[in-house]
Amino acid sequence: MPDAGAPTSASKGSNKPAAPAKEHASESQDAKAARKAEKAARRAQKVTEQGKATAKPSPEAIALARAQKRQQQQQQQQGNGSQIKHVRTGSSSVPSGATTGANASSLSDGNFGISGSGEDLLDKRVSLFKHLDSTKRSGTADASKDIHPAILALTLQIASYTVIGSSARCMATLQAFQAVIRDYRTPAGTTLSRNLTNHLSKQIDFLKTARPLSVTMGNAIRWLKQEISIVSIDVSDQHARDTLIEKIDTFIRDKIEVADRVIVQTAVPQISDGDVALTFARSLVIEQIFLEAHACGIQFSVVVVDSRPFYEGKELVRRLSNAGLKCEYVLISGLSYVMSDATTVFLGAHAVMSNGQLYSRVGTALVAMSAKRKNVPVIVCCESLKFSKEVQLDSVTFNELGSPDDLVNISSGSTPISGPLKDWRTLPNLKLLNILFDLTPPEYIKKIVTEVGSLPASSVPVILREYDRI
Amino acid sequence: MSSSSAHTFKEKERDLNTHIESFIAQMKRRQIKGPHDVAIATAQLLLRVVSAARWTHIDQLILQIKVVGRRLQSAQPRELTCGNIVRRVLALIREESEDTSDSESGDGANNSLLITSMFSLLQTDFDNGNSSDNSKGAKKDLKPYIIEGIQELIDELRNSSESIAGKSVEMIHENETILTATPNSNTVLKFLLRAAQKRKFTVLIAEVFPNDIEVAHRFSIKLAEAGIEATVITDAMVYSIMGRVGKVILGTCAVLANGGLLATSGTEMICQCAKAHRTPVVVCTGIYKLSPMYPFDTESLVEVGDTGKVLNFEDGSLVEKVDVVNPLFDYVPPELVDIYITNLGGFSPSFMYRLVLDNYRQEDVKL
Amino acid sequence: MIMAGLAQSTAALSADATAADSSFDIVSTYRQFLKGDPAMTMPVAAIEALVVLLSKSGPSTASELIDILAKAVQELKSGIKNSISLSAGCDMFQRFVLRNIQEYGDWEACKQHLVKNGGLFLQRAKESRFKIAELGLPFLRDDDTILIHSHSRAVTELLLLAARRHIRFSVFVTESRPTGEGLVTAKILRQNGIPVRVIADGAVGYVIQKVDKIFIGAEGVAESGGIINRIGTYQIAVLAKDANKPVYVVAESHKFVRLFPLSPFDLPDENPDATSFSTEQDQDDEYDEVLLNSPLLDFTSDNLITALITDIGVLTSNGVSEELIKMWYD
């Protein structure tokens, strides 16, 4: 046990600056973190190339990044992991020494409990959600040399929730694609418009090993592939690359940055003096709305409802209170207590399905439901990029699983404390479920504010059709 | 009576007073807490009070109990069971005294038919002849009967969760998925464990973070150890999973006269959620938790707890700037509850008023 | 003072009736009672009228007494247009007499008791409104905005008591077409220093978001716990449900009536004109008359009611049916 802990805590020290979740990849700190992650990814790749055969490089590398992010908490769980491993392999290797393929996979078991587990380990998957993790495993991607370092780095950041949030992930992905395109050279005997798409698909498959693609990423990728397919065979490689990179810049600006500004302008008048605006977890555009409304001199206060295990709202409340806004912070179990004071509920989105269902951080549906019951209007603010063509009816058929081990920590502070569940893996019948999203039915939503205007939830498909025509 | 007995009486009284004082102190320091423990402690204390008490007229005893009851209740006004037990004992005393006066006047015909309170408009001293006159309470020594009654009450308190558990098989079917969010309820634990002897089912446990998280985790371990498929979920996941839940089974701190209840924070949104999904909400509660209070002001019923549990002191700079709230309870209105399973059987929330009338006297509602 | 007045009027009535025993008219006696005291409700007036009848008639057997009563009740119910509330009083009186005869076999004593206490019932009825006000008082809080409909003595009593107890609140009162009784309420409340805003019946939806709770009276409380009340009550309750505002019914228990309507068309008073259509133009100057032809009562089902504040406690709908079952159960 102690030898399991030592290396992790060392890496924790060195990686501390990378720890806090960053949404904007603009600060130098982020760049540094990205570089570091890139390096780790390269190392992992090299390692697996040596270890060859059954090696599963991506989970291993992800595990490493997670280990860095989750610090001490992880320390304990890896302790567990190695304990279990004792049973299985009889070896006593430690995370940082994960140099062989066998070790890498067993470590990933420790971290990805929900995904593949060894035969003699207890099945810790929640039966209702067994269908969800299969996709993750299939991407065995032997991280061929084709995978661009920028993609490797991003994969790690996404897997460790360093890059979190649907818009942020989309932006970071597009920026990584710019790097991919910049370094891309069309092989002889083919054309860019045919081959680049292929090349990108490989990158995308690798990205998926971290987390499933967000709807924004999917939409952006679809658009990019379309753009690539229409590149004329007559233009030079160089020129085509430059055009694509520029187009990506425009896309980010129009679909996210400008869109956000328009949404903020539309939403701010929804707040008036004396209002109590309530929000859940953290959405970038909601944050901008509150800050802008405050800057306009509107006297209002904000209630931030937050939940385990991400505590995203903490960052929001920090930023808002630093700006001088009057804030109240409550965990979701206290929802009914604060809802009676609220005048408007503002929610962000991960995606909006074409049947008007809002797909967002798990807990959003509860907030919207409570608001509806108390007659508080619910306003969803999101870019139309988040509109999905898919329909969905419940939160079970499609969702994303987080690590169940995240629930073992019972502290609300930054120092994790392992509660009574620290040995949960050894106990048959006991399972932990950590899903990341839920689905809010349209009847709880008063309106959706997008850059193309305010609309009822039922009008999502109208906007989607308009898109297709353009 | 000799002077020595008067002496011992004084001593007894002093003795009693120390007991009361220590009970109040323990309540204030939260050494006695939780509806069940408070109920038993209160009943035991009242047993002492009654055994030590001397009275020439039953009203004196009632007054004495009321005075003590008021003191106990004000020690921790939110532990409603304390007041409930005081009222139960008062009702018991009144009943004993009326029983004896009835049997003395030898007219049992009075209770032969159901009498509606609506007749109060027309009824008067019409049947004055056989109503008890006040001196009768003194005629017979009621003490042993009252003490016996209180002991029966204590037995009821001790056995209540057992008899509730006895109904678990009627509530849970094979392969059902149950959701619970009140891990601090022993009643629910026993209920589920008992059902597990006959049924195989899955239980989802909402964590009730931050106040009950450790309890919740331990709760889930206990279930798993008993062979129940236990899955821990965060509070935020309740909505997403509710569509797959067969029943929501909850414990409670107090049930109010309108059929509403007070329980751990988070239960109200869970019940709302169940309502939205048409999932039945089953509340397991001993009758002793039923309070004759009507929730006029639900906000005042909700206690607020340690904010450090919500926002750690490590986030020091934040704590100073941000208003942190940690409510400990939720008030759940009656329309969100489908059924109460009590030691007396199952009742719908709209019927709880009747149990209030059965167990408490109107004149004791205000202690 | 009222008591004294009543005693006089009762005495006068009895004198009248004795003079012409054979021509005793229960309907006009009832009307006289109602006219004599504005605070008297229909069920109480009915009871008083029946008491007078008892004092006049000299039945020789228990069954004769019951027959006389039954006939008079039938006469009353058919003779008075709006008979729901009245029938609550008649039913209770009949059941009470029957019960006592069954139980004690001494119908003579029962009759004596009722006749002797004639005036008492009115007093009791009034007291029950005070009791309701006391029970309902905790429902009102400082800074509440309350919506009330039309005119209800029980609701008014409650609000006046709250004002006397220094609770500060404001009140929306509906105008309550076509009778305009809301204006009566507004006047009384304002005279007692309670701030009031009279709104048109159609404006309830406009203000409902600003309302904290709704108090309504009842003409009769049906077996289901639903209420029969001044027209417009149902729509207010539906709006309240939509806005999640509590609706409290304030009513005396002697208004519980053994009816189980499912819709307003099940009410005995159903106005046949209410659903008849016409292509003929109404004449402008008959505007008020046109309105007066519209129905005066509607039925609000129990699922729209949060609680009933009555003189026998704060009840759920179950409580009403329990009391009625107990009264009719043999």
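So that you can tell them apart, the chains are marked A, B and C in the order they are listed, and the count of residues begins at 1 in each.
Simple rule for what comes next: contacts are C-beta pairs under 8 Å (C-beta built on N, C-alpha and C of every residue); 3 or more make two chains touch, one makes a residue touch a chain.
All figures in this text were calculated on a predicted structure; none of them were measured in a lab.
Peer 1: Edges wherever two chains touch, nodes for the chains themselves; is that graph a line, a ring, a star, complete, or other here?
Peer 2: complete
Peer 1: By CA centroids, point me to the most central chain in this structure.
Peer 2: The chain sitting closest to the overall C-alpha centre is B.
Peer 1: Once you find the CA centre of chain A and the CA centre of chain C, what distance in Å lies between them?
Peer 2: One centre to the other, that is 63 Å.
Peer 1: What is the distance, in whole Å, between the centres of chain B and chain C, each centre taken as the mean of its C-alpha atoms?
Peer 2: Once rounded, the distance between the two centres reads 37 Å.
Peer 1: How many angstrom lie between the centres of chain A and chain B, each centre taken as the mean Cα position?
Peer 2: 46
Peer 1: Where does chain A touch two or more other chains at once, residue-wise?
Peer 2: Expected reply: 373.
Peer 1: Touching chain A in the complex: which residues of chain C?
Peer 2: 209, 243-244
Peer 1: Please give the residue numbers of chain C that touch chain B in the complex, ascending.
Peer 2: Within the complex, chain C contacts chain B at residues 47, 92-93, 96, 99-100, 103-104, 110, 113-114, 117, 120-121, 124-125, 128, 138-139, 141, 253-254, 256, 307, 311-319, 322-327, 329.
Peer 1: Can you tell me which positions in chain A touch chain B when the two form their complex?
Peer 2: 126, 128, 307-309, 314, 317-318, 321-322, 326-338, 340, 361-363, 365-366, 369-370, 373, 394-396, 399, 407, 410-415, 419-421, 424, 427-435, 437-439
Peer 1: Of all residues in chain B, which touch chain A in the complex?
Peer 2: So the residues of chain B touching chain A come out as 204, 207-211, 213-214, 217-218, 220-221, 223-225, 227-241, 243-244, 264-266, 268-269, 272-273, 276, 299, 302, 309-315, 317-318, 321-327, 330-331.
Peer 1: Applying the document's contact rule, which stretches of chain B touch chain C when the two form their complex?
Peer 2: Going through chain B, the ones touching chain C are 109, 112-124, 126-127, 257-259, 294, 296-297, 334, 348, 350-351, 353-354, 357, 362.
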